[in-house]
């Protein structure tokens, strides 16, 4: 399914926009986190991937090198920040720096998954707002624009001073769910913090919603669901 | 009721901390938005309010002047950003600049209500993230720290690079509500975006919660409540 | 009278330059402060005004929205900072941010009247240099260039780090005054701070000048003229 | 004559303030531009000058070295920017950097003459605002505060984001002039740009003023006085 | 052996300075990279380690939390950037941010090994200067000072705008080597890039030196030694 | 000999790249330090030098003025920082500012000799890292890119956040030396700090190398050569 298949949806909010030809000569690079996605994006755009190389040394360092001229070009570097999160993030910073120092006209970081986006607030004393730290590091490295999707909270766009194109996967997902034709569907948010996004899914699908009231008492990965707000009895539940 | 009365609450999250004596000599100023609050804070701290003057001219400009020496002092300027929002905000910027240029050691902006905190995301194309614009202007004016409360979303702390002390009014409010001893109480969030804060109230009060699914179809001030998620029948509803 | 009518003047100083086609696609927006001027500029340039919307809420906030794609465009937003000064200034900041976050290539703030330009120095202790505060806020919001005219003092250009195009209305005004053909004309500056600008008028008109020595003892709007330096007896006085 | 002798003057504007003991341990350094002034300041404060060394090499470079520990100290470096202007300015930048990198708590640049302050505006196309360039370089080197006097225009304070203590020599000068007891004194500004300062002298001395209307047609050092505005016949003229 | 044992050395260059009591209340934290070193430093200083917690989640994220009040304190966080390099570096950034947002007066990053210091130049086209990227990220996170040792090249201090205390291990190492009393000792640098440091060792030990001319033809970890410059025959070689 | 004559060399490192046409309209200016070089560059590019003027006043100030429109142009200003170093450096800053304020699209500083590049480290306590101070001043003035050659150490590129094109003269020099056909040639580095560059010469020429171990005991211009590492007996020595 291509992006243009989504045109029929009626959601009023921000939507993936159709691609605009960049100014100057386009270049697409894939970091070591996203070789296939980079390849797919380049194929969709009809351009070759720019050759480049990321090398991890046994001491834990990563070294990056761009293998063709990018002077004056409009460069998109595709590098998600998923597992191994910190390796991928540092590699992203080095790509940005290498491209800017090679006189790229504009560098856009394409980050399909932005891991630290959960660290978006100071909900207990003396913790870091890690998503802001990451945003500052990306800007300090010289990034001109960020293209990402499905951030943990929409406020994270405001952690960046540079423009952020924030895309949503829900249009593609809901199209598929509608096609499944499930009777008596209800959308359920796993916790209250995700309720607003769940409401957007429910709205796109035209079905009601419920909300789980989950808590994570200790700082480990164990969560406890306290109650479900709303009535899910005898319904097909779409947990988002 | 003083802040120390709140010590009995059991909430694990961020809480108003007891006041720490600042480094150097303390000074408290009240801008034209908060004369009474400034007076109350100074009285509680046992210091006189520093004399100062804000003047609005018929052409719409505001002019501020600090009327005692603040060189090397630790200054708190109390200036909320409520109606008239833009006048109060610009006056705040000028206080910060006047104090920094007068060689104050540290300037803390005490902002009991931070109006543009609703403008914390880009939920439709080509709008401004106004809370970030305000945060940047406050930092550009030279502010060292911000002390505010009950921000529209906790992520707004991350819009600032400087430290933000974010206080919550809910401990004081819940103490009063408990004292009212209302039977069959349920907390109801007026919309999904406020659900997480409502859950914190429900948690503090030890009662269940419900959530209104509200929408604001046009950009005017008219909202439509679509449904209530959760069961509020025959209960005392605390709308937060 | 169009700008090109002014070509005959002999003033050696900075002059309005003829318009240069911008790089990329031009867009002109009018903020709520200058709908007619924005319309006139767009008409002169032969482009349609870009649709946009500024909305003031009863709580005092302003919300702005750009209603057409500005990605990669060279955008001029026309928003003066006259009465209500602070509303207009905050709206300007939000326009700049909305345009930059919408990936405009370059944003130029067109500010026909820059109100706080009188606050350009620290002429008594512990006041703010308000024009610098405004310049910093405009730059922090992401503005690329400023186009303004008849600043209170030419040094204000230096408060900005970004380029400022500073235009002068005096060529147009003097053309009209010459046409009036007033005998025994003398230019008089209302106070000493404006003497240099008055000299420029006198020079353009080829007439002598005098200077009023005014003072503003209190910080209200009452000024006292102490003396007139130079001889204005029996002459037509042009107070500038 | 010490600063405290000036207390009798009645000028309402900014005045030299009496010295406040700095936070932490005071250190005073004299750059190669001001050995005597630095010595005099240190003697007045009752502290020894901190030993330091500036060396000019035959290739034109200057090298600076601080010869005692300044860690955590409140350092004042005395280095005017008079002839040779560019050597003295670069040396000032290096002092600031050397002190900050040596972990001085705060560095104040004491600049008795700030040469490029005449370059404070863009009065013809495509020139530099040199005073802003110098201010930016001083801040980029890490300076915390500037102490200077008799800037060409008071707006230059606004070129700095850091605090500037701007002192005026006129109180000392006028005291001496009053002591001379000259009959029929009139203050005359050599050109219109200096009229406001001349008015301050006239005001301090309680005498009238006149203004020369000078111009500098070419960019060399030749000025032409066109006229004198005001009546100086048969008077003792104090050209300021 | 304590730092004071080193006082007998005659090296004129920078030396470990004796510890100065910080301004305000000292706090020492150990990140997860250096628990023992942190413990040893705290013990040497006679202060308890401040309790804190770093947690790595299975998705690869790290979360940090400071467990005691640091408001107004002078905090040293000990976190080396050795293997796993990227995890340790990101954790360092989050410590700095958490401490600054908790209103620490000053945060010093103590980095015993700064891994990316080899990435200090652009010795082939289109690579990143990784040490500068790291320095910028550390500064963007809000760090006030860095304390590190034995950087790959001394120029890296200049990548930071904040003060860097750069210590050398060689005084301790040479003391031990002298104690071994090896006959006919010669210092040999493994490659030309390290020759200057090897000369410092040779100078401290009072012995001659030789230099290996090594190259690393491909970007893997295999190096080839081409020749040895200087005569090492029949000598004890200290490879540094 | 043109740059393209160098194509036959086999050095793997960074090389002068062939000239790429800039975006927008090219402009080349020659500051007062490099009139002939600027002329030669313009001639090679087939463009006229843009008229401009630098004027030194007897008080030691320099004033610069660009004499043709540079709005939207891609400007290269050629201004080396050789003797008189500080005059040339300050003039460079003013050129950059004048060009940026005249709305040049991009300003590249072409600095054939960057004098303070020796001040690239803190090799004794409390000195300045002068090359970083210069880099910061150049960036604060608004420079977009730097083009320089044969920096004292390659790390200096990392002192700049903006892109630096770092060229090497050694390809041209070695071509000439090969042509001289000297028998038994050996390259000798005058001191250890320059050993790495000497190795590059030796590598280009295919000859062995030796290294002088020089020291500069006092801070004057007298150096002492302690020993020569490597065997130079009966050979032709190329001291680089």
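Lettered A, B, C, D, E and F in written order, each chain numbered from 1.
Rule of thumb we're sticking to: a contact is a pair of C-beta atoms (placed from the backbone, for glycine too) under 8 Å apart; a residue touches a chain by one contact, two chains touch by 3 or more.
As the structure is a prediction and not an experimental result, all values here were calculated from the model.
Student: Which chains does chain A share as contact partners with chain E?
Tutor: Both-contact set = B, F.
Student: Any idea if chain A and chain F meet via the same residues, over half in common, or different ones?
Tutor: The interface is built from different residue numbers on each side, given that under half of them are used by both copies.
Student: Using the average of all C-alpha atoms in each chain as its centre, how far is it in Å between chain A and chain B?
Tutor: About 31 Å separates the centre of chain A from that of chain B.
Student: When the C-alpha atoms of chain B and chain E are each averaged to a single point, how far apart are the two points in Å?
Tutor: 43
Student: Mind checking the centre-to-centre distance between chain D and chain F? Centres are C-alpha means, answer in whole Å.
Tutor: Averaging C-alpha atoms per chain gives centres 35 Å apart.
Student: Multi-chain contacts only, two chains or more: what residues does chain B have there?
Tutor: Counting only residues that touch two or more other chains, chain B contributes 101-102, 122, 124-125, 129, 132, 136, 157, 161, 164.
Student: Could you tell me which shape the graph of touching chains takes: line, ring, star, complete or other?
Tutor: other
Student: Please list each pair of chains that are touching.
Tutor: A-B, A-C, A-E, A-F, B-C, B-D, B-E, C-D, C-F, D-E, D-F, E-F
Student: What residues on chain E touch chain B, complex-wise?
Tutor: Residues 24, 71-72, 100-103, 105, 142.
Student: Can you list the residues on chain A that touch chain E in the complex?
Tutor: 53, 55, 57-67, 70, 82-87, 89-90, 93-95, 97-99, 101-102, 115-116, 118-119, 122, 124-130, 132-133, 136-137, 139-141, 219-221
Student: In the complex of these two chains, what residues of chain C are touching chain D?
Tutor: That would be residues 12-14, 17, 120-125, 129, 131-132, 136, 153-159, 161, 164, 166, 192-193, 195-196, 199, 208-211, 213, 227, 229-231 of chain C.
Student: Note which residues of chain F are touching chain A in the complex, please.
Tutor: 20, 23, 145, 157, 161, 163-165
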